[in-house]
Amino acid sequence: MSRRFVLTLSCPDRPGIVAAVASTLANLGGNILESQQFDDPRTGRFFMRVLLEPVAGESIEEAHLRGAIAAVAQRFEMDFDLRLADAPYRTILMVSKFGHCLNDLLFRWRSGGIAMDVAAVVSNHRDLEPLVASYGVPFHYLPVTPQTKAEAEAALLTLVEELDVDLVVLARYMQILSDGLTQRMSGRIINIHHSFLPSFKGAKPYHQAYERGVKLVGATAHYVTADLDEGPIIEQDAIRVDHRMAPEDLVRAGQECEERVLARALRWHCESRVMLAGDRTVVFS
Amino acid sequence: MSRRFVLTLSCPDRPGIVAAVASTLANLGGNILESQQFDDPRTGRFFMRVLLEPVAGESIEEAHLRGAIAAVAQRFEMDFDLRLADAPYRTILMVSKFGHCLNDLLFRWRSGGIAMDVAAVVSNHRDLEPLVASYGVPFHYLPVTPQTKAEAEAALLTLVEELDVDLVVLARYMQILSDGLTQRMSGRIINIHHSFLPSFKGAKPYHQAYERGVKLVGATAHYVTADLDEGPIIEQDAIRVDHRMAPEDLVRAGQECEERVLARALRWHCESRVMLAGDRTVVFS
Amino acid sequence: MSRRFVLTLSCPDRPGIVAAVASTLANLGGNILESQQFDDPRTGRFFMRVLLEPVAGESIEEAHLRGAIAAVAQRFEMDFDLRLADAPYRTILMVSKFGHCLNDLLFRWRSGGIAMDVAAVVSNHRDLEPLVASYGVPFHYLPVTPQTKAEAEAALLTLVEELDVDLVVLARYMQILSDGLTQRMSGRIINIHHSFLPSFKGAKPYHQAYERGVKLVGATAHYVTADLDEGPIIEQDAIRVDHRMAPEDLVRAGQECEERVLARALRWHCESRVMLAGDRTVVFS
Amino acid sequence: MSRRFVLTLSCPDRPGIVAAVASTLANLGGNILESQQFDDPRTGRFFMRVLLEPVAGESIEEAHLRGAIAAVAQRFEMDFDLRLADAPYRTILMVSKFGHCLNDLLFRWRSGGIAMDVAAVVSNHRDLEPLVASYGVPFHYLPVTPQTKAEAEAALLTLVEELDVDLVVLARYMQILSDGLTQRMSGRIINIHHSFLPSFKGAKPYHQAYERGVKLVGATAHYVTADLDEGPIIEQDAIRVDHRMAPEDLVRAGQECEERVLARALRWHCESRVMLAGDRTVVFS
């Protein structure tokens, strides 16, 4: 059975990149199934994603493919990433007490809707342990106080290493991560912010939205950086609200939005469709 | 031919308001076609809008109706407004150089889509004079400099009085009105802000949105207050954008949104569907 | 503690209905918190929904209230329904093998997002039994073949009676109910149709949508009638798709839509916001 | 000043296409700014769109480029089209009495929002002549009766030839074109259908939608084929409606949808982003 690869790359823009990449892949017997590219005028960089399979009846050895791409990459000063297309991202989901995103993600994962392996769920509360148990997923209770925060983060990092985790998802995890942790896992932590960033940063955004009398509330999935609420945005959506809705109604409406936005961002990330372009993202959705 | 009335009212919430209003109208031979109400827990006030027609074969005299309502209003400390349902709002549209909202509003007005009379168009530039002329609407060129601003606003107020104007619409008018003017015409000036307030206040919101890498851009129609970009929101909407779009593409996408949002806000205002509840709005859409 | 009531009613339209209802409620010490009404020109009927609470410090006896309303109802030839506002609808959820709607509804119910009691889950397959068990809800396996269909429906009706059920929800239940059953439970069975009715009726709608090359797929929640795919529509929504999506991608996109649409329809039904107006619905959302 | 080209091509899918195209363009000094491709499993064909500019300081001669591509095309049995990216599509807009789409398109064209040249407006009524005149565009009145239909279509074809027209847009033109005409101009006539196809084909779709009690109405832009209402769909959208809306309200809501859908379809067509894949479209939006 033939194996598919996903190649993502970025480099300073200059002529001949597509020709060089496409020729290299063709010479190795690779058939390009999907290809998307983007010239970013803002950063001057070129971004590309290729889905590749061996020509019918053939196979491609990964090491061989990696070597050939590395040679092109050196010539064009490329960063690149090569993955087997069906290799799921190893993921830790982190939650506090709100379980709507967790429930949605676990169900989608089990139904095959997101190309991830949920290696563990980590929480600073025990409320969602039964839900996690019903999916047979290990649940790690890591309570966080000002005194235990460093310890909890160290335990998290140990889990990340022991479980060979690619991605941490803050699925309504209500603790702020330290700068050290976010830098160390840069581009590998996704947060769902329960607001339409950059509006209503900080605490209780739906109550802020209520006070301001907005007619839409939204949610934002973004990579986590040291600068809270300011990481590169992956996906956003909004939902209509009206004057009759109390803050708790806005919360409920917003939670629907959060679920959808986080699920989309996660699906795209786990198909290697999201690339960082400075403090913005390129999403080859 | 029977005439319909629109009654809007608000007062401190207490029992018996609906019974008192409905009985008064029934006793005068009025048939309630539409009725909407809202108890605002935030302000403790009750809001109501009624569309009324005379019972078949009868007619209702406006002065008589107004008197009967005034009696109820006094009892419940009500503010109320009574209008003939088919009496269009006399409107001045103000623009600068961008004509997309103006073009959309003039066409809708001519097609009967908004219950207004466009009494005049006022602009600080001459660019849109031909478009206005093609609709046979008077065009007033009132240039604004720091030196002439007071004079231009005085001229505007004169027009408002002479033309018996109910409503001024800033359909991408790029000048800031003075506090005096906004206070004097409180609740009677609608602005379209080319951003999803409260995000990206101030100048060049689409460029700000581009820099931030958002995945939605929006627009906000609101009443104008002295506090710029902070007036009560009537309507908002948003539209998807992506990494490939340059600032000028965001501008184009946003303009579609502006048109729709302003047209909806204006349609609702001109059907007496929008009421002020402190710094928020009640929209009986 | 004061108890709230929801009153819904409909009758031939004529003057004085609102005044009569509002006065009756005011005389009993009832304060109207919400009121919505609609004159349907298509059927000539008037529809009304009232949310009522006793005036502060008082209480209203249900029998007393019911009697007073019955008197008004007789005068105006009204159908009416009176419920305690916090009395959840007793509900049976029916499923086959697709569990996305079931998972979503169970989680929302547990989180308090829908005012129902899930009395049981009924299925013609065993696949979803573990999910149901994790919520502690009784699961009834009622397999259906042409030979056992009558028997299975009889068993369902027995459950409806024994469990005092108000509502049956077909949350992707892939069997057609008999005419006898649908007539007997008219207005009390809600189905989610995995298509944007009236497009793509019948089997495999997403494959039909793929073949037609549509750019949106949708879902429809409706009351079940003998005429399959033709019952009164409660709610619909649609989601963008494109040429790159295979039928299975349309299925996934459509399932998101189904969840949202069914949850909204069910929430509104369980707040007594949906009324039948012939073969259409009035939704006081 | 350097000139950009848009290349679109399709051919039976096989390995090496991207490499061959990209190398050919690179050898001629072309820099690929955008590239999108799609392997259609349904038809077994490969589709590609490339936006190309000469390497800085160079220029590419069109004939030279065309020759080089033709050589590749022969090898891969390709259909291809090469255009200067800034060459507007020469367009005839056809209307009857509803002017909302016409007004929207003329304004967008004048504002630079659609890469077309409006060569003429053709109508079977005189109602919209003043609007067209205000844009300085030639207006051709071609009345249609059963007796004059052939003559009117002949006159249209003469205009298409004399004005060197690439595209005919039926912007709410209420006459059915003959099979001969649609075949002759296959892929070059775009219609806006005032319904969410395949629902509510035929006449008065909004009245049909009202009777059915749907909660969304939509619009569909499609290429015109002999089989009315069945041509390849380019774009669709939908808008929420509710029980309170009369048929004329659905018409108004639907017209907003029609404007947006037709403008998007036209913008994409005029940027060579739409390709035919059998009876479906590939839209590289």
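Lettered A, B, C and D in written order, each chain numbered from 1.
By our rule, contacts are C-beta pairs under 8 Å (C-beta built on N, C-alpha and C of every residue); 3 or more make two chains touch, one makes a residue touch a chain.
For clarity, every value in this text was computed on a predicted model and none was experimentally measured.
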Task: Just grab the chain with the largest centre-to-centre distance to chain B, centres being mean Cα coordinates.
output: A
Message: Can you check which chain pair, B-D or B-C, has more C-beta pairs in contact?
response: B-C
Query: Using the average of all C-alpha atoms in each chain as its centre, how far is it in Å between chain B and chain C?
result: 36
Message: I need the residues of chain B touching at least two other chains; which ones are they?
response: 38
Message: Give the list of chain D residues in touch with chain B in this complex.
response: 99-100, 103-104, 107, 111, 113, 130-131, 134, 252, 256, 260
Query: In their shared complex, at which residues does chain D touch chain C?
result: 38, 40-41, 196-200, 212-216, 218, 232-238, 242-244, 246, 277, 279-283, 285
Query: Which residues, counting only chain D, touch chain A once they are in their complex?
result: 14-19, 22-23, 25-26, 29-39, 55
